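Structures incoming, each one as structure tokens.
You will see subunit A twice below: alongside subunit B first, and alongside subunit C after that.
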Partner chain A sequence: MIIGETPPPSGAFGVDAIAMTMRFGDFLALDNVELKVRPGSFHALLGENGAGKSTLVKCIMGYYHATEGDIIVGGREQAIANPKDAHALGLGMVYQHFTLVPAMTVAENLVLARDDVPAVVNWPKEMKELEAFLARMPFKVPLSAKVSDISAGERQKCEILKQLYLKRRFLILDEPTSVLTPAEADEVLGMLRDMVVKGELTILMITHKFREVMAFADEVTILRRGKLAGAGKVAELTPDAMARTMIGAEELTVQPPRTGEAGKARLELKKIRALDDAGAVAVRDVSLTVCAGEIVGIAGVSGNGQRQLVEVLAGQREAESGEVRVAGDPYHASREEMRRHRMSLLPEEPLKNACVGGMSVADNIAFREFDRAPFASGGWWLNRGAFRDDAKKKIGQYKIKTRTPETPISALSGGNVQRAVLARELAGDVEVLIAANPCFGLDFAAVAQIHAEIMAARNRGAAVLLVSEDLDELLELSDRLVVMFHGEFVYEGRTSDADLTVVGRHMAGH
Partner chain B sequence: MTSEAADSAEAAGAIAPAADPGFLQRYGGTIEYVLIPGAALVGALAVFGIFVMLFGKNPLDLYFYMYQGAFGTWFSWQNTLTRAAPLILTALCTALPAQLGMVIIGGEGALLIGALSATSIALALQGMPPLVVQIAMVIAGVVGGGLWIMLSGALRQYRGVNETISSLLLVYIGLAILNHLVEGAMRDPASLNKPSTREIGAANMIGSIPGTDVHWGLVFGLIAAIASYILIYHTVFGFAARVAGGNIRAAKIVGLGVSKLILTVCFLAGGAAGLAGMVEVAAVQGRTNANLAAGYGFTGILVAFLARQNPLAIIPVAILLGGISASGGLLQRRLGLPDASVLVLQGIIFVFVLASDALYGRIGFLKGKS
Partner chain C sequence: MADGSIGLWTVPLAVLGGAIRVSTPFLFVSLGECITERSGRINLGLEGTLVMGAMSAYGISYVTGSPWLGVLAAGITGALLGALHAGICSLPRVNDVAVGIALMLFGTGLAFYLGKPLIEPTAPRLPAIDFGWWSDVPQVRAALRVNVLFLIGVALAPILYWAFRTTRWGLLIRTAGESSDAARAMGHSVLLIRLRATMVGGFLAGIGGSFLSLFYPGSWNEGLSSGQGITAVALVIFARWDPLLCLWASLAFGGAAALGPALQSVGVTSGYHLFNAAPYILTLAIMIITCSPKRTLTGAPAELSITR
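Right, the complex of A and B next:
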């Protein structure tokens, strides 16, 4: 169903959002925001969590109806009542999380996405058309492979191909590279950039990564707290200037310098073997020692057993064999052991792994300490006042943005959930810290804060095991670097001596 | 709160406790928990009215007699409360494990095993002072029912068996054990038509609350419901249970012993239903026989769902459902409806309550803003 007139039949077109205001009750999510995306340009939309980026693009895509403001597509004002209208106008969106059906092939996923899937699909004909379509595209994906068998980079390419296959010519990308390796990200964005330059496509990309903005975007719009904070040509801006516009007067946490030397062995893994959910061996007899005052980074492409290894250490998965020792004592992830050794865990996807969404921020912050004074009187009666007081203190200290300590934690943005977990896990004197992709999908301010906390814990003498898919993060923080591939450690060395090409080769299994 | 206030609160950084969130926002959730089940109940009554019209009866008469039979007189109130007592206890058998994210529907089985245990101990302790026998019966009922549901929890925790299915199947096993013993080893030779155990003796019966015909089981139920509420919302144990129920991965990462929590909660849940069985023996039947399988365990599931698994809300809901079942007799006498028609109503209520679950958070004017 097409409302108004269609944009030009081929080629790139622009989208302008004029004087957009969006209210959710009393809360002003967008305040008179303007966004001008020129036809055939690569436009970046920057902003911290909660700045209104998602709200703005959801208004453009018809998921939300702006309280005030107009949307102009290809030079004509359009009333976009729902995502279907947006699709009919040639607007498409690629989400941070994948929307493909894992059990189906790439070809099936592409055909499935169409509005007019026939009752009986003529597969030979469709395959021929798909191959012809792919031949015109800069990306190549294996059409007959199952989505569950292809890498994250290929999945993201599929998502983008799906939009192109559906003849969308204005793509909104919501943090499209958060699941990709830097090389994959550069490849995907480079190809999109080529299409933009050829005038086939217009792109609006939500991102946190200045590197990508500098390398690929023509123009940038920066939002701060629901208001337009700045806009301009990327060529005339520096990352520093953009960061300042993005975070306003807010000071980024300064990372303390690396001080002190590694001490005694604190965390020892001996021949740990663990299975994945399907029962296949995911971690193959790995051994590792992390000393006090040292950060050991585990690098590797997602899906090489890192998650299962962390789950064993977090008590979320039982090891098939092998043992873990902390300060020489056997460790089985019990509460008593975690307490005795002052262990802290910062798992990936904190809402899924470390929080109860329906419980309040204050409750979630108290998970480690609720059974002790002052939270519990006599070891059994909950002292509600103590929960609130402690939460208020930590909310201020860790800059957690929440309406009240009683707000359910699921109402918070990703960065603030991670801050709440940080507040809980790093409250005491940490002796062993295990962190897995702690900055995944977070904004500048949150990343700076988390990196500073991890470094501070190390300097205080904690043994830190940092598992990350972000190589830059590992190079910045870790003292020693280990590469995990197919469930084994295939490389180990001091980070200061690490050669990126060698590390990269081991990550790829060569 | 104005938008400027929102801005400045956000600008101030973390929290804005001073801002008045307004009545609806503060109580919207609570209103929802009353309004939606209430509407489901009204909807179910309306549909039941249509059902009754098909029998050629006036639905308004129906509602009048239902009210009369449930709450119209002191007599009907006592009847209602007597029926509510076991419902409170069996509802806890579903509501407590629900805090841990488990769906246990085998309260009936725990009730039967609790009754059997209580009867056995009473028969074994014949001649002891009544108070000793009664206390022993309470303990036996709780332990018997508790172990029964704990079995379901253990099967889930150590063998990966779905607790809903296993608890339901355990009902039939419990019934079979009861029948086996009542018709065999424990049969009173004098019970000819209806195989039963011997009587526990009039002296050992727990009797009624003074001045009423309502037995002490109601007090047991009220204490159990209030204690459950305190346990879940005000104690360390309840907090740990809610963490594990809300997200098992979060519970594990902070080192909570999930197995112990599951087994303990299942024991307490089964214990409540077992206590209901003990009450039915010690206050109503005086012996164990197949009469005990009167469906209190199953109606308890309905009560728990209607109360949204909240132990305190179970009390009024159990009284309401007790009233509906108490009115069955009057409907039969005055309207000539089949005795089972209140079961039809219960079924309709259950369907409405389950369907109404989809409405939470979707009622426009109750939406809190965040």
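Right, the complex of A and C next:
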């Protein structure tokens, strides 16, 4: 049977995945998992990183071929060999990483996504049709703008609009709100919820935000380590019950209580200005003071200059103008200064920004001190034994899961790479800690451990600058909250007094 | 003296004529490389493709008596070399830059080996159109003897510019070059798109080679190409992957290459070799002016191995 010839069912339809098992070599990613999404429902798929959520939906979309199991679409069993088959059945997926082409316009991206792109595109006609389509949709996007020029929220709307433009009736959303402000998330999910209620759409949403599950989903399926851990109606569950089902019996590191008051100014930024890779101004003359024993959180939707600011502090980017002072001394991110002021860095994407992937865990852990005693004699002769001993000690202390200290660090999971960086950066006394999205994409256990370490560093008197796209993380950890928008700090206040609506509005630039 | 009447005007005229004559191989190779790079792959082997194209065009033209069959043969040879490059690059963990350098050496070496018997004979050459008929001045007439291939190349640049925006294939090539994830998510085979783009790029580079052996300089020998193929690859970079800018850049390079001979013809002989180096100095100067360690190149396809 040629799948393309079956007409897609009209209106919402359901999808069932039955007894799905997926093996990658020795690794069992999915073990006899069942997922039932009723037609016209909003279904949430919960699970930690590595629980098999992505593998499951990729099997449904035809990216992977399940070792065992069946997919039933709209009541009929279907063999989905590739994404094109899934699209022909009316299944669509919005990925966590955007699949829009940044260098092209929104209109080009929409037309390009069709299966029947004409050999020569009649742009005036297409634009007219696109405008007519947008007029029927509850949210708007600028058609002629380049995708690289629009905000993350608009991109996410584009991704969803693209699926609707392609007349998909069953949407899989992979963490759709991770780049949106809370208000934007509510707007997008609320609009999708309306379409579900009208019976036009069925939605399966991968997420880890309980707030969204409680507010928008009808039913939930929870996976843990490749197995079905639970399923049921959201109305009958509490966030606590869902979290326990997700994590299982694993014990989480307990975060120490906030103790002590902020001391003297430790890290001072004065009118820092920095450019992005394309030469445009990304950071506009920002000033900020972080005191000892204080966590200052920088909130903001990604792409508002946070990355460039952190790169300036990490020495990865030269500031155009402005000045950084640490404990009163000028600071230019040299190794000597970092050492003298006990600066620690937890940059985002640690494998890329804080590690050499091909070098061993032991080497990576020793980067800060590798040419000093006890790792080296005379500044040049390296003592491999000292590397190994130190690594072994820290691997135990920070619960890094690695086969040996000699394993290349790129072979470790994201959580364990971050634990290794944590072991290197936080092992000694820390006076200044700069962390950027330190928990992005990590599981509960790693997140709890990292949060506990950051709080402990603060309590010991470190000045902590925490840049994060996760507002919940900032509200939990920081003493003071700053919002960054278009390269400027547009809001500053004590976290205990922060009003979520006000913060969200500033994040969106209003 | 016949040229006494125009005096120093000889130099700009010769540069103009040179721009038209010398630029043709630059133009074809850079347009071809533009297509390949927009799909997300660099083919540095186009120097080899150019020389192979020149050799096969000359051979086929000599055997069949038709220079146009020679041009076609050059294109096909180029497309085959392109397919070889794309095929090797499709394998996992293969670096396209390294493969390109290998194919550059392979192409030139193979062309010299196969082309040994072609150094002596004379093959029929491509015709030219005389746009200088209105003038009595021989320099003007010489400068305006324009080959048909040049006109095709000039027409090709805006056609490509249009095609990248408005055709299905243009959009697909750009998608593969800007975001292979996006292309895959739409269910397209990135390797297949790049294979075709590299073959078309090779086809055009081969035709560029046929111009060398069949029109200017118009014979087959081992010193035929003085690195036009590799220069054209650099040219694509500062033309910002824009076919129209490729046209202007090719003309500028052609003109620069004609500067040395033109000055010599009016009696400026000192620094002859220095003036001959003009295109290379131009390359360096433009690279230094347009590149910065602090920012990425604007317009660079995001999937290129050099920009990633």
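One rule holds in what follows: the second predicted complex is superposed on the first by the 411 of 510 C-alpha atoms of A that agree within 3 Å, B and C clash if a C-alpha of one lies under 4 Å from a C-alpha of the other, contacts with A are read in each partner's own complex, and residues count from 1 in each chain.
Just so we're on the same page, a contact is a pair of C-beta atoms (placed from the backbone, for glycine too) under 8 Å apart; a residue touches a chain by one contact, two chains touch by 3 or more.
Nothing here was measured: the structure is a model prediction, and the numbers come from that model.
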item: A:82 touches, of subunit B and subunit C: first, second, both or neither?; value: second
item: Subunit B versus subunit C as contact partner of A:327, first or second or both or neither; value: neither
item: Touched partner set for A:113, first subunit B, second subunit C, both or neither; value: second
item: Partner chain(s) touched by A:123 [first = subunit B, second = subunit C, both, neither]; value: second
item: Partner chain in contact with A:363 - subunit B first, subunit C second, else both or neither; value: first
item: First, second, both or neither for A:407, with subunit B first and subunit C second; value: first
item: On subunit A, the residue positions that both subunit B and subunit C contact, one per complex; value: none
item: List of subunit B residues in touch with subunit A within their complex; value: 1-3, 6-7, 10-11, 13-17, 19, 21, 234-240, 242-243, 246-247, 249-250, 252-257, 367, 369-370
item: Contact footprint of subunit C on subunit A as seen in their complex; value: 82-84, 87, 93, 95, 97-104, 108, 111-113, 115, 117-121, 123, 275-279, 318
item: Subunit B partner contacts - residues on subunit A that touch it in the complex; value: 23-28, 31, 225, 314-316, 333-339, 345, 347, 352-359, 363, 367-368, 370-371, 376, 379-382, 392, 395-396, 399-405, 407, 411
item: For the subunit C and subunit A complex, residues of the former touching the latter; value: 165-169, 171-172, 174-175, 178-179, 181-182, 185-187, 292, 294-296, 298, 301-302
